[in-house]
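Going in written order, the chains are labelled A, B, C, D, E and F, and every chain counts its residues from 1.
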Amino acid sequence: MTRNITEQLTPATVDFGKPGKQIGVFHVPLSAHDDAWGVVPVPVAVIGNGEGPTVILEGGNHGDEYEGPIALGEMIRDLRPEDIQGRLIFIPAINQPAVNSALRTSPIDGINMNRTFPGDPLGTTTRQIAAYVNDVLFPMGDVFIDLHSGGSSLDIIPSSVIEPGRTPEQHAANVAAAQAFGAPIAVVIDNRGDPRTATASAALAGMTVIGTEMAGGGTVSIDALALCRRGIRNVLAHVGVLPASAASQVEKASKLYELTALAHVISEDDGVFEPMHRLGTEVVAGELAGRIHFLTQPGRTPVDLQYRASGMVYGRRQPGRVRPGNCCLVVATPYERHDA
Amino acid sequence: MTRNITEQLTPATVDFGKPGKQIGVFHVPLSAHDDAWGVVPVPVAVIGNGEGPTVILEGGNHGDEYEGPIALGEMIRDLRPEDIQGRLIFIPAINQPAVNSALRTSPIDGINMNRTFPGDPLGTTTRQIAAYVNDVLFPMGDVFIDLHSGGSSLDIIPSSVIEPGRTPEQHAANVAAAQAFGAPIAVVIDNRGDPRTATASAALAGMTVIGTEMAGGGTVSIDALALCRRGIRNVLAHVGVLPASAASQVEKASKLYELTALAHVISEDDGVFEPMHRLGTEVVAGELAGRIHFLTQPGRTPVDLQYRASGMVYGRRQPGRVRPGNCCLVVATPYERHDA
Amino acid sequence: MTRNITEQLTPATVDFGKPGKQIGVFHVPLSAHDDAWGVVPVPVAVIGNGEGPTVILEGGNHGDEYEGPIALGEMIRDLRPEDIQGRLIFIPAINQPAVNSALRTSPIDGINMNRTFPGDPLGTTTRQIAAYVNDVLFPMGDVFIDLHSGGSSLDIIPSSVIEPGRTPEQHAANVAAAQAFGAPIAVVIDNRGDPRTATASAALAGMTVIGTEMAGGGTVSIDALALCRRGIRNVLAHVGVLPASAASQVEKASKLYELTALAHVISEDDGVFEPMHRLGTEVVAGELAGRIHFLTQPGRTPVDLQYRASGMVYGRRQPGRVRPGNCCLVVATPYERHDA
Amino acid sequence: MTRNITEQLTPATVDFGKPGKQIGVFHVPLSAHDDAWGVVPVPVAVIGNGEGPTVILEGGNHGDEYEGPIALGEMIRDLRPEDIQGRLIFIPAINQPAVNSALRTSPIDGINMNRTFPGDPLGTTTRQIAAYVNDVLFPMGDVFIDLHSGGSSLDIIPSSVIEPGRTPEQHAANVAAAQAFGAPIAVVIDNRGDPRTATASAALAGMTVIGTEMAGGGTVSIDALALCRRGIRNVLAHVGVLPASAASQVEKASKLYELTALAHVISEDDGVFEPMHRLGTEVVAGELAGRIHFLTQPGRTPVDLQYRASGMVYGRRQPGRVRPGNCCLVVATPYERHDA
Amino acid sequence: MTRNITEQLTPATVDFGKPGKQIGVFHVPLSAHDDAWGVVPVPVAVIGNGEGPTVILEGGNHGDEYEGPIALGEMIRDLRPEDIQGRLIFIPAINQPAVNSALRTSPIDGINMNRTFPGDPLGTTTRQIAAYVNDVLFPMGDVFIDLHSGGSSLDIIPSSVIEPGRTPEQHAANVAAAQAFGAPIAVVIDNRGDPRTATASAALAGMTVIGTEMAGGGTVSIDALALCRRGIRNVLAHVGVLPASAASQVEKASKLYELTALAHVISEDDGVFEPMHRLGTEVVAGELAGRIHFLTQPGRTPVDLQYRASGMVYGRRQPGRVRPGNCCLVVATPYERHDA
Amino acid sequence: MTRNITEQLTPATVDFGKPGKQIGVFHVPLSAHDDAWGVVPVPVAVIGNGEGPTVILEGGNHGDEYEGPIALGEMIRDLRPEDIQGRLIFIPAINQPAVNSALRTSPIDGINMNRTFPGDPLGTTTRQIAAYVNDVLFPMGDVFIDLHSGGSSLDIIPSSVIEPGRTPEQHAANVAAAQAFGAPIAVVIDNRGDPRTATASAALAGMTVIGTEMAGGGTVSIDALALCRRGIRNVLAHVGVLPASAASQVEKASKLYELTALAHVISEDDGVFEPMHRLGTEVVAGELAGRIHFLTQPGRTPVDLQYRASGMVYGRRQPGRVRPGNCCLVVATPYERHDA
């Protein structure tokens, strides 16, 4: 029933059941001061050809993560229906208002799309978008690809991300798909079990789920974009929508990591953060991780920060300025418990 | 007379004429809604010992450029008077309100400190700070070191910056000091002759002037910070305030470049910028420099951008999001006209 | 039970059961930074005299729509109890904070009152107001008059609005009341079935419901205000609260229209909108409806917009500046399915 | 089950079951634009020693009320485990973002913490904090002390506050604890039965509950702070966590008052409020309470305000500027119905 | 000398001395937080052919006035060099940041461009733009056409505007040019002698000057746009840049009016303004002009406003909401003193 | 000449040369986005009767200081021309936009009126108001009374303020007038010689000048308002505009103090300020003045602040929250150098 009201309030200009290529939008109603009868037009595309799985490809969940949306836009423009077997549903800028504003969170309701699923068709804009994707699109899908980067606040080693499966089978499928992506590393990230992410909702809907983290810093990384372009095709070949020949040669299987409860180095002070190590460095718990400097009080001694976990420096904060609670560094730990 | 009113309105807690080390502030009056009788406390330090030149070291001209202020803070805490000959005057966070807010421009009056010199003792806060530095401190100095980084919007190859001299002698001294810094490259930047920068005012006051650009992206670069720490000591040894032994070995003389009128690649569109080359790549005028993508209109073809000058990619825009007028790339051209 | 907590938290200074005229407020508690123990005082008035239906008259649902609140204020001041039979409950500025700010949506919680019903007595201010009206006032009413105008973003042909009835009887009553209003046209608007409007909630509560759209542009229209003054009295005479003699002569029955799913012409671009036709012009689907100009890129060719439905131009966007998703024009289509 | 997800998403750095003194935080996840993987670190401390009741002491529910947080910080630093019998759990700045911003309501989600209980572990930050306190901490407690002051908008006679008990026993315990505090007066405040306050939730959880109002005006009152320091120790001695010798001599039992439905004098105008009487003055209903002046219209006669209840002037608005709905004065009425 | 620094800091991509058509920009440097080395690109175009006067056509002085910029953009795209004799210099969106934001004043420095002339090449962005136009372009011009509309706050009868001349000859030329425009009325507006408008500066520079007011309300008027298109060509034919055949037939000479010191009806209250008469109505001083309603205080009697001058209602406030000092109505008085 | 353009641009509705009582405004033109042809209406009143000095009485220089404007409004309404000898010119809310917003500084241009004199008739609004007062009104005056209170950020002992005279005669007159006011103390405040205050400009214009500080905290003080009402009449009697009988009995001559360069206790930290002493306490330099608490870091030891001067605690910061540079306390020192 939520699906009924969702479809009624949110019309799309494409027919997801039709073969061929269509590029359009779905219209989320938004009755705002400067546009009483307006809509938020969320771009969507569908390419269908014959039998085969349906893959939903999403980018722009956060509006300041660019590699995914760029790569999806190129596929939308370049792929011909005859290139595929099955169906591709693209949502390249799912949080359209955030993408237009280059913000992680929506400028309309201030909400982080990735803490919003399964959404609400009668909620605010971000919730209405999530409801459309969850209620209308997810039931059509077999595979879900959720393309993130580090965003404005984080710089992360380009990698695929493994959503923990709800069943051993799903977990194995998620790991296999993440490895098919072909990044140097693949990282299990469970967000402490938060059920409100797009990937958690997709997993709950029974799909095979794969995510990414592609550099960040609010910029476009030349290397991460190249990896992203290759990785998406690798996954589509892995699930049979593209022919095997479309996949690029992957030299070495992705090394598996996970983020544990001690992965994050958190600032307790207000200052400017200086890291001690570059991304990819091996570090041990207790080692000096960085320093907080107090630039307008030059007489004050900087404060030291230590790592809490051993492993590899996986991510770092981009803005130098930190406040208490800010995540300065993230350490990824080798992942032992994977499916065998 | 402007100097008189400046000193009267802006008391300092240190005595610049006294030998030894003092760390303090100068108080710029600010009568604001939430503090009728308050001040902006701009940190300042002085270390004096015997005869020798006076070097004024400034950081935090823009509040989101961190390597300079960090390195200056370390020197303020670590240097002993007996380590030097002459006098060091530190202004490590000259735009104190901007540094506290991690903004290029002041949150109080919205002004870019580096388009404000020579300031105004009866103007707004940024102008009052500039007036103090220009009217009270500059007359004490022989050498001025102005430590910039790329800031939130630019990522730049770490380099020293040459302020064009007002006389051939001053120009030669500026070039020599920039080379003494020991960065791989040194770049002449004249800001189209804008007289409102700190270095332009310092040059007008007759000092030897040296600047820097240290990476950027609003973050702290491990490599640039290391270069900055070495470079400042190299310059101080060059001018005789530190002993020659304090300078680090510089393997190769800085290669000289300049920014010409065609250095900048400017966006004419509203979208997300993808660069084609990494910093340091040699490029030629007319070559494809980058593309502007339209993420929420995936059917729209990206727009190409070309280089306007030949040379080396010296800087790039950090935020992916661009609007018309934004500087996407900067190309540095080999500098031929230098003093010989 | 929600009604109990609503009444407990939201005291009114008038007694709705008492005959005679009372002008007062209901106090919605608001514990804000600048007023810890304050209230939002929503104006309300009641005029009661003998037997007869209870009519609830609401204005200011959006804070930038003025004809309704002006006309209701005049009735509150001018009508004497002996002029009527039954009871009139006025809520002339239901979204009081929005009316005081001349905004469509509330400055307190950013919410559109007309996407908020049935409200929540423990929610934010707009939800608490809606809960009071829905839980406490609607049960007292037989007829609900909801007076809208086009607001800041739309200019609309002055007209009465027909809320689709939940039963054939209610629908017939709604159509009859809308025609009694005496505007040249009456338009069925169903908001795609959105259940969160005041009129949808009132219809659900079993009342006869009538709405209006009175010009707009964020201004007071001399003509629309004159129509509004007459129309309200016409409706009150129609339902028997005012004597038949209070109604004005209506020359011609309102022509019936509806807004279909293709009524709205939506911009896909960022620019300035030039319409091709004045309000009231007959147009056909596919015809040129307007152009989007790019003022800061004078070399760029404007983009054409077409109508998607045939009918009459019923409304247009007031602000020239448009962004993707903005509603530029609305076409009303003759309504065939009305009660017979 | 809400407790499970709360604990999973919100880790604490202290072990509430361990004896001795620990000072730490609980981390509420906050994935914001400027910190994708950050947290809100809410300070918490626990001191445990042997058998005895568990007392939860909370300050900073509103971020502009200072006496409670100051007094709790001093106890956290000064109390030794051997000084007590039982356990003290401190949450001295429960609305950490609001305390850091000196705002009544949270700068993150705009919410008043004291209209948020019992919270929501999947809601916005303020709701997540409330959920942690309600779901994880309240079940550990026997006594809850909630330290408020008047905040930025109100100046109030320093007093203890009695939360109405859910049972006669709880009510008697609440009154006794409030009197043990030792303020000149103790006031029953029921917020019209609003169930969303911290004290209402604590009472529902079965604890003995005591509140305070300590001056206000957004400042630190020397007298109120002294009373607050004494009063907390008095209550801890009253419930047996501190020895009787830790209590200060209270000269006279607190006089009991209550706030009735007519306690508040509300402005209907936009102007500047001039009160007629100082706090503590005895007044009668109908008496002139104050005047609203129109400073930019000096020819306009001020508007008079009258008291609606008889009793003692208990609080007044601090900011001179008032708008319709602002609470200008609060009159406390002698409380007759207390337990006997 | 100000011209030298202006040209040095503000390069243009067109050569104003070259025949043929060029469309480009001039770049005003803007070193902002989000773009350290960026520019404001102000669009400019030039069409030159043989001998003849130079006409400077400006639109977008206020960013919410659209008829002028639309008509100028069309001319830029449509006119061929061979269509003209002389030179046309177009600045169709002089306040580019304001036009992009649809604001009267610049979003960068908050300044009204039309109170900024002659500008300052070292001032903020709006002042730098004005300096470029005043110092570089005005010396090239013989005729200046400044195309205004009423903007967001005013609705005005479409008309040409006469800038008072500095000499009788210039005055006569200005009146003749305004009449050539062909609007029903032409109005002398002197802004109380304020020297900071574009037209005042242009008059001071010795040019023949003509302005317009084209409807308003922040929207695009179909009728005013048609008049504007015709009027510009009429003026160009009048001064000989277009052939006489390019002018449209004007039925009746413009009637001349002026705005006297008593033209404006100013609100002294905070409320919603209801006008009594439509634009174009003849009124007399002392007559009821409008009423201020108090929508959230329905019991309060509205306040009456009277005209202060006799004449024709020339303009009215668009937003219903008014505050003290807002201009509600403007009355134009027949102009007697014109050149004879 | 600046006077000519000032008068031309800024018309007043009263005639300052006419006997009797007039209440009106002067209109400062303000062409803003929401009101293209509007004004800022600054209230002004004049009462004239026969021969005698002209006294200019000003309030609302800062918009959050209320005692002066209230007392002046009462005089404007209550005084009859026949009550006085000479002329009174009232500017009770000189910074009208700030008064309407309850802000120290203008919401229009962000400027502190009291750092703006002598103003600029072509500057922003605050500068235009100052120019009108300085250029048009000051030349009419013999005595200037400038009524300040502590405002939102300070609580100050009610006192008269002595502007240092430009000549010994003026100084003696200023001291005598300040003592005539009848406050317990009178304080010499020179703002470090800042020439931009209203009183400094008035002194430069040759008037006898008197100021006040009346409590503060952004509220209306019952005691300070009573003193203010009496004090103004005392001064008017002192200068002969009111009869001697209008003055109230002053028990004891005002004790004279001054603020020296060490008067202010400035915070160097970010926290919450707890003062040690009440206003009026005698303190000595070096004594503990207060503490800065860190409420969200309860484990951190508070920082102590010391007095820098000996004398009496004259003022304190009202908001508990402090940042580096905020003035926490002000100590007044006995004034020895007065005229003898």
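Here, a residue touches a chain if its C-beta (ideal position, glycine included) is under 8 Å from a C-beta of that chain, and two chains touch if they have at least 3 such contacts.
Worth saying up front: this structure is predicted, and the values here are computed from it rather than measured.
K.L.:
Going by the touch criterion stated earlier, list every chain that contacts subunit D and also contacts subunit E.
P.N.:
A chain counts here if it touches both subunit D and subunit E, which gives C, F.
K.L.:
CA centre of subunit A versus CA centre of subunit B: separation in Å?
P.N.:
37
K.L.:
From the mean C-alpha coordinate of subunit B to that of subunit F, what's the distance rounded to whole Å?
P.N.:
Measuring from centre to centre gives 42 Å for this pair.
K.L.:
As a quick test, compute the distance in whole Å between the mean CA positions of subunit B and subunit D.
P.N.:
So the centre of subunit B lies 49 Å away from the centre of subunit D.
K.L.:
Return the residues of subunit D touching two or more other chains; collapse runs of consecutive numbers into ranges.
P.N.:
41, 64, 100, 152, 268, 296-297, 317, 319, 324, in rising order.
K.L.:
If each chain is a dot and touching chains are joined, what shape do you get: line, ring, star, complete or other?
P.N.:
other
K.L.:
Taking all chains into account, which pairs touch?
P.N.:
A-B, A-C, A-D, A-F, B-C, B-E, B-F, C-D, C-E, D-E, D-F, E-F
K.L.:
Any idea which subunit B residues touch subunit F in the complex?
P.N.:
Of all residues in subunit B, those touching subunit F are 5, 8-9, 11, 27, 29-41, 109, 122.
K.L.:
What residues on subunit B touch subunit A, complex-wise?
P.N.:
Interface residues on subunit B, with respect to subunit A: 23, 41, 43, 45, 59-60, 64, 66, 69-70, 72-73, 76-77, 90, 92-93, 96, 99-100, 102, 152, 155, 217-220, 222, 225, 272-278, 293-299, 301, 317-321.
K.L.:
Enumerate the contact residues on subunit E facing subunit D in the complex.
P.N.:
Listed in rising order, the residues of subunit E that touch subunit D are 268, 270, 296-297, 324.
K.L.:
Can you name the residues of subunit A that touch subunit D in the complex?
P.N.:
Touch residues, subunit A against subunit D: 62, 64, 103-105, 110, 112, 114-115, 150-154, 192-196, 261, 264, 266, 268, 315, 317, 319, 324-327, 330.
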